[in-house]
Amino acid sequence: MIHAEPAEMTRLAQGQGFLSLRGLTRRYDHFTAVDDLNLDVAKGELVAFLGPSGCGKTTSLRMIAGLVPASSGHIVVDGRDLTGVAPYKRDMGLVFQSYALFPHMDIARNVAFGLEMRKVPKAEAAQRVKEAIAMVRLTGREHHRPAQLSGGQQQRVALARALVVRPSILLLDEPLSNLDAKLRDEMRTEIRDIQKRLGITAIFVTHDQMEALTICDKVVVMNHGRLEQVGTPHEIYEHPKTAFVAGFVGRINRLSGRASGGVAQVAGITVSAPGFEGDVDVMVRPHRMVLSTGPAPADAGLHQLSGTVTRATFAGDILEYEVEAAGTLLKTEASTRGGEALLAPGTPVTLSWRPQDTFVYAAS
Amino acid sequence: MIHAEPAEMTRLAQGQGFLSLRGLTRRYDHFTAVDDLNLDVAKGELVAFLGPSGCGKTTSLRMIAGLVPASSGHIVVDGRDLTGVAPYKRDMGLVFQSYALFPHMDIARNVAFGLEMRKVPKAEAAQRVKEAIAMVRLTGREHHRPAQLSGGQQQRVALARALVVRPSILLLDEPLSNLDAKLRDEMRTEIRDIQKRLGITAIFVTHDQMEALTICDKVVVMNHGRLEQVGTPHEIYEHPKTAFVAGFVGRINRLSGRASGGVAQVAGITVSAPGFEGDVDVMVRPHRMVLSTGPAPADAGLHQLSGTVTRATFAGDILEYEVEAAGTLLKTEASTRGGEALLAPGTPVTLSWRPQDTFVYAAS
Amino acid sequence: MDERPVSPALKIAAGLMFLFLLAPLLVVLPISFSGDDFMAFPPSSWSAKWYGAIFANSVMMNAFWISLALAFVVTVLSLGIGLPAAYALVRLKPPGAEALSNLFSAPLLLPTIVLGLALLLVFAPMGLIGSFQGLVAAHLIVTLPYAVRVLSTALANLPLTVEEAAGMLGARPLTVFFRVTLPMMRSGLVSTTALCFLVSFDEVVLSLFMTGPRLQTLPVAMYNHVDQQADPMAAAISVLLVVLTLAVVLVVDRTAGLTRTFVK
Amino acid sequence: MTSLALSHAEPRRLGPLGTASALLLPIAVVNAIGFLWPVVNLLKMSFREAQASGALGAGYNLDTWTSALTDSFTLELITNSVGVSLLITVLTLIASYPIALYLHRSTGTWRTVLMVLVVAPLLTSAVVRTYGWIAILSDRGLVANALMALGMAEPPRLMFNLTGVVIGLTEILMPYMILALLSGFGRLDPRLEEAALTLGASPLKTFWRVVLPLTAPGMALGGLLCFVLAISSFVTPKLLGGGRVFLLATEIYDQAIVTLNWPLAATLSMIVLVVFGISLTLYARALRRIA
Amino acid sequence: ETNLTVMAYSGLFQERYTKAVIEPFMKAHPDIKVTFFPLPSSAAMLGNLRAQKAAPQADVVIMDVSVSKAGTDEGLFTKIDETNIPNVKDLYPNARIPSVAGVGVTFDNLVLLYNAEQVKEAPKSWMEMAKAPYKGKVVIPGVPDIQGLGLVLILNKANGGTDYLANVDKGLTAVAEIAPNVQTWEPKPEVYAPIITGQAALGVGYNARAQVNSEQSGGKIKATIPQEGTIFQINTINLVAGAPAAEAAKTFVNYALSPEAQKSFTETMFYAPTNSKAEITGAALDRTAVKNLDKVMAVDWIALAQVRDKIAEQWRRRVLPASR
């Protein structure tokens, strides 16, 4: 079916976004890779798809690009249903997780390809190719073939190739996964700037939570092919709707407890748990647990647990600790800013955190 | 040449490591991918290779594995020069950056391959394959073909395939680059545990500084095919020998200054710079710059700069700021632990840091 | 991304098999320089006269040019017809693709003698016997199956994502095909071209039925020649063809970089 | 027909039947005129009344079919042809594989020269090639002389019998096999061999467990082509078989050209078609296992 | 000007027939342009004729008698006799076959071929081929080829066989004796080359080709008619029914059967003439079977066709096993 019925059309057009997904679903033989995805992306917005490996991120992107037909559901861009529209007519750019560079063309021709297709005048195209290659730090490699480049270099070519055409929608499938943190940082900013400058609407698939939080306007968290939560980075991080989101976006400590009458008992302390009854999972981010060696800070407003250090790791900006408390292993961290020495395993410590940093969910 | 001369032999055997690289070099036509690499790795040690894309990490690993002949130099394992020893006789495991799964075998048979080659009895092999698959969280997918798996799933199979044989040396080429942070965290710990438990000597190539710092006993920083610095994570992070290492491992702010008489003038402040004369680069990690809005903390021991916020980003555990001070854009960060609101661009702020957090290098 | 060292075992095995493959040719080479009037090994005397005889033989020379033109036309048509067919079968997978692809291979399985006879009965009333068009049509029937099979295999082995990437960059299917798919199929295309050209250039049996009074292909002329006089001229022609092919390919290689087509 | 998508995940839904038909039209026309029609003719021919003089009777009957199918010689022809063709296919594969692999791994001008050498036998006329084989294999040939020099009193007969046919056809089919193999070697990613090596597989094991399975599509294609070419070849069997080897194709030749019994030639041809159809089905099944 | 197409054997036959017959004919008839349509075998010619039955393109065909019988039975030819071709009246009787539309245009006969270096004296008997020194040195085109068949018929008669249409047991037994010595039953392209090169010492072939080959090889190959005798192979010339140039065709056929054309072709290719009036020079005549007509055994090729299959089957069962 190429065109939606008029009635359907109206409903579809009501989507608020420039790009809207309506009930997007993709089934394989025995397996639903993407399940009833609904999403609105505003023009010029950058949305991150975040989720564990195999949750359907790539599949969603491929459906949007038109490379995989949806089993059901619609993709609507600017009020227009794209069902049945060929990929090359969609004016979208896609950076493949596997690069998919043209093996028979050198780097410059790989990057120039999209411009040629758009019949951009030679001189302008050459200029833009040059800029794009410079942007991904590959100047001087223009005449290498993809097989002669390292993995990260290939990924950068793929990025340049997609960006140079300035598509109206840009789909990026883990475009930075093979880059080192420094370059990733720079490329991320670069992508962000270009995207904002040109007003490109972009979807950015990543498995890197930090990347998702910093680059995007909106984060979409997926799990098992389903959408778990959509929100701003702050919403997702500070107010995760589900235990999965809490656990997936940012690190988390999990404690089991029992709720009744609006409060939950967990590891000997009482936390507020309005609306919960029975077994609950209580979660706190390691970063939000303050570790102290002296007597516990006497702040009645804080939750506190005592324990002993079981593992300590130097991680650059921070020190990572594993603390055994209330029969559970809890993670926490300390800044290295003060130049503190790593606490030895066995050191008795206290963990304190604010009530508002405590998440409660029905036990899974 | 398969055997070294006796005199040479002795010299080689003097290497302290279980695995020693001696002057390892790999040249391509016009290009030296790896240049005179010298390194000793003790038995059971886990060494991380860290460096920008294209710096020669994969090439080094491939030489160690025997897949690429060295242009010159030697690889010595347990006092034995491996020059001319075929890859399959080296008892090394290698996780490929590009997975390199056998497309014609299902997951279970991919993982079982190395055990078969070692003629491990059927029952034991089946048990170990099962465990390895469980370890990478792919139970239930045993009979899928690689093409039916997502990128991250494939990477995990590659990992299981290499680990299951318990090689004496394990080479990992960005084995976690396609995994989400949560899984990466878990897998990292898992790899670390197995490696320690079995006493495997391992080299772990990564572009993720955090990963390098937390997982390994020793970090090797490479650049342009050359070794920049070898040291413990703490040494590398806190005492980077070169500007490149300082900039590559962990984020960094760079300020230009002039040194003379043991001190350097930079952005209106004076920092200690013993032994430097002329132009210098002064570097400070964003994490070590404390941002304050009120009057600057009156600590005479701290370096201080005033400026204005130009960009503020929520990044989960931290808030990232860009501050314009002394005509330069400086990065800094604040913990979200206290629940502080993001400062608006334009807010006047002061950055303070300890003198020992200041790195000085001759200007490049 | 790297050089693949070839193992000595493979070198030895390949060398031995090459020896087997070229054995008859290695004997034919000295025979072609025979001073005798009959093919025999070893020759009792040596001479290059049979090479001279080729150029003096207008029947052979004419037949050579006809064969060359024929093989060229047949190869171009085989690619032109086979490539779309392979694409349709592999990529568009219409219902019954497998049956169709079997049907298209089927002409290979009739002994050419039968096919020749069967074609004769069909082509003669159409006035195609003894005509260039008739020869082209007959040869196409045997070259097309090769073309379709080899091209299909080559096509099926290509990574799809690369073509998808081209589509995403705005290339229409036809552009994707010509700019991406086709270049990536190079080694399959070279195989197909070589096969079709050789099969056509070498075909005797069908040609025997299809040639006419004024139209002879080289293999037919050689067959007739050897049938009557088993002199070493045929050996000289064979050697000359091999040398000529080698020379042409090397020149093309030097100028157009044919070997690049083999480098992935 | 708005959808010309290059996506192939579900081509049946996306793939416009019209495009496919258009692309398949030319080959269908060639096939119909050059194969289907002649074959239908042939089928008709197989039912024609065969007169002893070689003349075709006006009527149709089942006589040729009945006698062909009840004649034990026909069965012998079929089993012989299939057996010999299979043997030749296997030998051709074994002989061609190292060359193809070597070619796949060599580069530059050297590779080009080797490619030409591979196809060189095809440029040599069959009759001339046979003279080459005679010089090598005949009772006084190079091989016999070498064997006698090594002390063998009576060297085995190497040509003008089945051995000669097998040797000759294997050699002549090698170029086809090599070209087919090369076109199917695309999946042979060197990384995979390296992976096997690092997992402790010796080069031989790597070959068996990784290289060979990955090149299976090429082998299947080459095997198919060679089997078909072998079962339908009659020039080489005639030249090198010494009149002692009876195959379907040579018998068809004799019936069509010498005895002039066209209905029988047609009947035997239809039998070849059936044998081939069965082979093709088995082949497709094998292929599905590989893929 | 009329275009006339003559369909006949390719190769040497084409070359020599063109020179000896067609060119002189065209000189004599400037209004007729003859095109030689060469085909490798009689069967291929029959194929062409069958395919073009509705609209023939060839006018005259020269082919083996048994094939022209088939063509006759299918109505492909116009009957040739004195009424339409005057020269027919001068033909030898065995050139006129009642059940065949065409008439004999050449006679050829089977000969025992031998390599002059390996065999010093002309063998007296076909059975020389069974002798020990010739192990693996004998080449015979086997049944169903007429040459092998002819050998069976000759030896059948020599060993006391009477009616070859009833059975040829005696002939087969004799050939089975030769069989162990046989190198190949499929000499290719023909039987002459292996004997010239010495790859074989003895063989069975046709006289005309043997003579030409002997000439060309400087006497390396020689031919003889052994004491047991020989048989004729007959090529007929036929008028294609419904031919486009029917009148010119008759003119040509008449010329082809004329004493001068017969003489000319015999002297070029050593086929025996079918016209009794042809006066052949002595040297050429010596090289044909004409002087040995008494040694030629009469064969009814038309009747033989009926039992050819049966003989082929027995050949496979009795002769081939002896030659393995």
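Labels for the chains are A, B, C, D and E, by order of writing; each one numbers its residues from 1.
One rule holds in what follows: contacts are C-beta pairs under 8 Å (C-beta built on N, C-alpha and C of every residue); 3 or more make two chains touch, one makes a residue touch a chain.
Since the model is a prediction, treat every value here as computed from it, not as a measurement.
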{"item": "Chain pair whose interface holds the most contacting C-beta pairs", "value": "C-D"}
{"item": "Most distant chain from chain A by Cα centroid", "value": "E"}
{"item": "Separation of mean Cα positions, chain C and chain A [Å, integer]", "value": "55"}
{"item": "Whole-Å separation of chain centres (CA-atom averages), chain A against chain B", "value": "22"}
{"item": "Averaged-CA centre spacing for the pair chain E and chain A, given as whole angstrom", "value": "89"}
{"item": "Of all residues in chain E, the ones touching two or more other chains", "value": "44, 50, 189, 199"}
{"item": "Junction residues of chain B - those touching two or more other chains", "value": "67, 98"}
{"item": "Residues within chain D bordering two or more other chains", "value": "4-7, 127, 130, 134, 187, 203, 256-257"}
{"item": "Of chain B, residues touching chain D in the complex", "value": "62, 65-67, 86-88, 90-94, 96, 98, 100-105, 113-114, 117-118, 161-162, 165, 171"}
{"item": "Residue ranges of chain E touching chain C (in the complex, touch as defined)", "value": "5, 10-12, 15, 35-40, 44, 47-48, 50-52, 54-55, 57, 189-190, 192-193, 196-199, 216-218, 220"}
{"item": "Chain B contact footprint on chain D (complex, rising order)", "value": "187, 189, 191-192, 194-203, 205-206, 209-210, 213-214, 216, 290"}
{"item": "Complex contacts: residues of chain C adjacent to chain D", "value": "2, 4, 6-7, 9-11, 13-14, 16-18, 20-28, 31, 39, 41, 80-82, 84-85, 87-89, 91-95, 98, 100, 102-115, 117-119, 121-122, 137-138, 140-141, 144, 146, 148-150, 153-154, 156-158, 160, 163-164, 167, 172-173, 176, 187-188, 191-192, 194-195, 198-199, 201-202, 204-205, 219, 222-223, 226, 230, 234-235, 237-238, 241-242, 245-246, 249-250, 253, 258-259, 262-264"}
{"item": "List of chain D residues in touch with chain C within their complex", "value": "4-8, 11-12, 15-17, 19-24, 26-27, 30-31, 33-35, 37-39, 41-42, 95-96, 98-99, 101-102, 105-109, 111-136, 142, 171, 174-176, 179-180, 182-184, 186-187, 190, 203, 217-218, 221, 224-225, 228-229, 231-235, 248-249, 252-253, 256-257, 262, 265-266, 269, 272-273, 276-277, 280, 284"}
